[in-house]
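Just so it is clear, A, B, C and D label the chains in written order, and each chain counts residues from 1 on its own.
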Amino acid sequence: ACGGGNAEQPADETPAAEQPAAETPAAETPAAEQPAKSDIKIGMVTDFGGVNDNSFNQSAWEGLKAFGDASGIEYNYLQSAQDSDYIPNLNQFVQEGWDLIWGIGFLLQDAMLEVANQNPDAKFAIIDGVVDAPNVASVTFKEHEGAFLVGVVAGLMTESNKIGFVGGIDIPVIQRFEAGFREGIKAVNPDAEVIENYTGSFAAADQGKAAAATMYNQGADIIFHAAGATGDGVFNEAQEQKAAGKNVWVIGVDKDQSITFGNEITLTSMMKRVDQAMQTVSQSLVDGSFTPGIVNLGIAENGVGLPENNPNVPADVLAKVQEFSDKIKNGEIVVPETPVE
Amino acid sequence: MSGWDIGSDLIHITLVYATALMFGALGGLWSERSGVVNIAIEGMMTIGAFTGAVVTYFAGSPWIGFIAAAVAGAIFALPHAVASVTYKADQTISGVALNFLAVGLGLYLTKLIFDGQGQSPNLASGGTSLMIAKVQIPFLSDIPFFGHAFFEAYPTTYIVLALMLVTWYILFKTPWGLRIRAVGEHPKAADTAGVNVYLVRYMAVLTSGAFAAMGGATLALTTTASFSHSTVAGQGYIALAALIFGKWHPIGAVAAAAFFGVVTAVKFLLPYIGLGHVPLDIISMLPYALTLIVLVSFIGRATAPLASGVPYEKGSR
Amino acid sequence: MNAKERNTDVFFLPLIAIVLGLALGAVIMLLGGYDPIAAYRALLNKAFGSMYNFGETIRQITPLILTGLAVAFAFRTGLFNIGAEGQFLVGSLASLYVGVEWTFLPTVLHAAAAVAAGALAGAFWGALVGYAKAKRGVHEVITSIMLNWIALFFVNYMVKTFFLPAGQQRSVAVAETSYLNIPFVTELFSNARLSFGFVIALLCAVFFHYYLFRTKGGFELRAVGFNRHAAQYAGMNVNGGIVRAMAISGAFAGIAGAVEVLGVFHYQSVLTVSPGYGFQGIAVAMIGGTAAFGTVLGAVLMGILTFGAAGMKFGANVPPELVNIVIALIIFFLAASGIIKPVTRWFRARKQRKEAA
Amino acid sequence: MAQTPNFVVEMIGITKRFPGIVANDDIHLRVKKGSIHALLGENGAGKSTLMNILFGLYQPDEGEIRINEKPVAITNPNVAGELGIGMVHQHFMLVHNFTVTENIMLGAEKTKNGIQLDQRKAAEEVRALSQKYGLAVDPDALIEDISVGQQQRVEILKTLYRGADILIFDEPTAVLTPQEIQELLAIMKSLVASGKTIILITHKLKEIMQVCDTVTIIRRGKVVDSLPVAGSNPDELAEKMVGREVSFQVQKKDTVYTETMLEARNVTLADDRGVKALDGLSFELRAGEIFGIAGVDGNGQKELVEVLTGLSKPTGGEVLLKGKPIAGASPRSISEAGVGYIPEDRHKRGLVLDFDIGENMALKDYYAPKFLKSGLLQYGRIYEKARELIRQFDVRTPDERTKARALSGGNQQKIIIAREVDANPDVLIAAQPTRGLDVGAIEFIHRRLVEQRDQGKAVLLISLELEEIMSLSDRIGVIYEGKLVGIVEPSKTDEKELGLMMAGANAKEGAAR
């Protein structure tokens, strides 16, 4: 039940070497069979969410862990207890000479800018933020594109024509989720009503639960959450409603959350492949091809999308999703980044 | 949405939300009525949430977890009793220590047990929920409005309401209660009347720990589904406020906790009454601002049990 | 017990409490399968290992001194200020406002005005608590708790409404003229964010002591704190005293908020949770025996432990929460000092035996 | 054995040490069954300590206790209760927001079905007991609503309810009115008549002479003497107790009235509900006199003092100080205008117990220029002044930096007197200035009050002790239900008449101006 075991996603770029290593009985494996040791060190700093929030931060950590275990580099993370910890935590890695330092999340943006400017020789990468410095790779996602696709699923599958969106903190990243989601629904089901609720936190499962409870009680049958651990509460509530005989669904976020919460309540998930981005950029460092600058990953780049398996989504709906996915990919549809009601 | 549905839902969510606070406030009541100030409700709830989540995870039953939490809460309260009763410590300071200890211990042990993770595994994950399930009282839950509002709730809500009555009965109708109240008002009088002041205070503080911890377990087992740093997150202090607000009376304290529940639940229902666009911060501020206004304008002076906060030293004047 | 013994106890008890707290913390680490020596070494290394870390440790200590003083001051006047958290936040907001808007002021003056604004805002927030208590009899604990939350959301609202650059989760930066940082010091400490705020905090501790024990205002507040009936009869303004005490207490916390904005971040973030300095301040004040100098030492200890904690995780993989346990134990032993009295007695006996030999 | 007299209580060689003091030093005490045995001694002599040991609140360091000739170990009050020992404490041990019955049954509760309190049964028992011993109280009344005298009856009932045969009374009359005292003494007699034994601690020699059989005198923790009361006299007892001769006669110069210093005109004070604590009260206080206010506790004395000192604002009428209205002025401005005040409750109003003596002595003039220099308090001068007052007023303390809390009641009172007298007020209000003090301390304080009067100051003396009022006052006003029902001169009245007036019977004419 520990979250770590679920990390292996069918992922195109993952080196195949990883699979056999995992299958050999671990205890007596001689060191020789492990991938070659490397003296490269990659660290990451999280905000206060921590590395097992069942979504964003966890995804990042799992990506780094998978990459580290596969490539034999050293890796570690530091969790920040308060805002003022970001800079010292980044600096801790800098001072000990780590080769690449990740900042996980939008909230680290300012801290990273400052530390990156003060340490031009160190290399940094940030997820979900843009840091304009010559030694930082900024990885952002087109969440609105992925959210559009799950919006299509929701719009086609809702029976009550009432759909909920639970957001964490009201920040641009999360607004992109909402914007795409609304747009996707509108594209296939203009009559559906969307109720939104920002809880103001990424770590308050109780609030997520209460928000979901009101939405379901007021007739929504599908809720999409983009709220980190707050979203756990949405799943908990859905499970309860399901047990009481109501036909309700949750659309997960960041990872394929059906793995954690089961297919009974998880309709599908909006995958945001933070883990893969972590691996790709980290790999570029090992290869010596690390390039600072902005990478913006959307459907075309395979950075966002639906999971491989969607047992709860009928084929015709998936076909529609594919159709829209192609349209977005080829630029026929441009999804807005801020919510339009 | 009809106003009735919203009203019914408001009560429903209030009860879900306020249950843990009610446990906490009743917990504080036991201790403070015996003259031991308890600002450690927060810590006791934290330990309860931790124990409830972890024991449930391993034992596979939320009720085992719930009971374990009560026991753990009582044990955790012991140092507070030792410090404030036996060693005549400043009770506020001892409470502060316990609050720090609870967060430290809870997260340290979580990380130790779960391989460095700062959060215990989600109890509702993997398809089978280990959470406490809501009950629907047969027939009653079918009544329009009232059914959903009152008779479709977590058993913990009914437990805490029952415990409120039990607390009231013990406190005001039994010899034990008479002694607890006497010790809280005038320990020396109780002592000279042959009441063992120390024993009464020890028992009261331990009971306090058990009650508050049940509140923490309620959070973990009915709402958050796991233990983490944000499970209790200040609700112990709100429970303390409810206790004072409720003027140290079991029914008052529970009612005050319910008041907090209502003002919090309103936050989630605003979108349905056309107030969805009020800024989130203003909405979030609402429960606290309303409480403050009510306090300052209507409630006013509340007097704590006379001897609360004063260590009792046998033989001093 | 004679006076001399009492004096040595004042000194020794905290020392023993700290040693015992650390020792028990080590035992807990051993039980958890960690290496306590490596952990403490890593902690100290993180706190003092480089000029940068040392500077950041001071940065961490600074607000703790101030919120510690806030709690201690109220405590001395018979009030429990659990609301330093909120006073801290409104202090940040006010200094942010002055720091951003009052750019017509020259360098030093601008910073001073911004700090003063923080102090005033904190004082106002504290005075609200005092007013509710004095005039309406509302218990200060409950008002402070409410005001903490109100401050959190109010400050967020204000920052978002008036100071937020598009697409950010923090305010615009304050003008450089309002910075509390001293360039050559920053350089000396390799860009650590310590600032003149540390000196302000120490000055506040001096003020705390002098005001409380050497001025007539302090005399009044202490009298009100100990026995408001006697104070009232002696002609002191009891209600005014309560408001004043809470205002001064709040001012300390407000300055802490100002120092964070002007000396550390230079902006104010939109916060999801309070930074926690107010609650840590309670612990600091308790460790320091609610005395000025003690509070400074308490903050130093607390700052080292909390800032060093990250190093412990890094160097020995020990969960940083362990320091909370250590802090709790220290406070606990101080509160219930009877538990450790046997230890002091044993020390004394041994010393006497040695002297006799 | 049979021929030795029947001692119910024997305390043999009891020693009890507190840090820095031997409170009881090899004390021997033997109490005969069916007698009233007095314990006499100065403040701090060790009387309460000895009785607390007998009651199981303290453990003696040395010595033995025998009850009914059997050695016993009284480890706590429960054991004492089982041995038939009950105690009526100096400071009442009553929970103020409990009913009479609840207080009486606390610790010895009656239950029905084994769980629930049986208040009715207990109340019936209380009623029966109060009838049997003539202790009228309402079993259902709240303690905070009944008079001090009634509270004391509750204390006595508490012991009887537990079946006590040996009753200890620690200064039971300090808070009672003359009538109540007489009633109490009668109750004690009737208790003894029904086979109980009583140990009585009191500072009032008259009471000892009136009801006691034997008296044991303690000085500084040691027994000085133990003797039958018959054949002794108050002077002898006082001298044994203090170790010197004590004068009960207050020496006063002849009265020389001058101008009116303080005047109350139709002062009314009503609370929120309109209940009048003061109801059109009027009097004049003249320079050079001690004006005594006699009355049963709770008839408006407390409220009168609060109005005069500025702690409350009257709802009607006028208060004039040297002709200027002061009603509603702040305590400070009244005090600065020349009113001093010795409060009735020294712990609540008189002292900040956690301040040291120096600070307490400066409590009202800490802000005066003599103690301030550029905004800073001059502690050097504060302590210098304190040392001077300590010498002048004979305060027994190690030094001026000792916390007030650590002093005995008498010495605490001296700090207040020193502070108030030193301020040299034109009007000195003294409320119960000698409550609970021993004869030596009382003598000292009385002399100070008379000194003030003789210097031409006006003194308002409010006391429940008729004897004190009679011996000190030049004129006496009797307060009843918030009104002065009569003003008389001590030479033209007696305690009996005053007592009647205090009870509201037929006010003497020529009263209230």
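Rule of thumb we're sticking to: a contact is a pair of C-beta atoms (placed from the backbone, for glycine too) under 8 Å apart; a residue touches a chain by one contact, two chains touch by 3 or more.
All figures in this text were calculated on a predicted structure; none of them were measured in a lab.
Counted by C-beta pairs in contact, the busier of A-C and B-C is B-C. With centres defined by CA atoms alone, the chain at the far end from chain D is A. Chain A and chain B have Cα centroids separated by 35 Å. Chain B and chain C have CA centres that are 28 Å apart. With each centre defined as the average position of its C-alpha atoms, the distance from chain B to chain D rounds to 45 Å.
Across the assembly, chain A contributes residues 48, 79, 200-201, 203 that each touch 2 or more other chains.
Looking at chain C, residues 273 sit in touch with two or more other chains. Which chains touch which is summed up as A-B, A-C, B-C, B-D, C-D. Chain C contributes residues 46, 50, 52-53, 56, 59-60, 167, 169-170, 191, 193, 260, 264-265, 267, 269-273, 275-276, 306-307, 309-311, 313-314, 320 to its touches with chain A in the complex.
Residues 1, 5-6, 9, 12-13, 16-17, 57, 114-115, 117-119, 121-122, 124-127, 129, 131, 133-134, 136, 148, 219, 223-226, 228-231, 233, 264-265, 268-269, 271-272, 276, 280-281, 284 of chain B are the ones that touch chain A when the two sit in their complex. Interface of chain D with chain C (complex): residues 19, 309, 311, 330-333, 335-336, 341, 343, 348-355, 359, 363-364, 366-367, 372, 375-377, 379.
Interface of chain C with chain B (complex): residues 28, 32-33, 80, 82, 132, 136-139, 141-143, 145-147, 149-150, 153-154, 156-157, 160-161, 273, 279, 282-283, 286, 317, 319, 321-329, 331-332, 334-339.
Chain contact summary for the complex, chain B toward chain C: residues 39, 79, 82-84, 86-90, 92-94, 96-101, 103-108, 111-112, 116, 118, 230, 233-234, 237-238, 240-241, 244-245, 279, 281-282, 284-285, 287-289, 291-292, 295-296, 299-302, 304.
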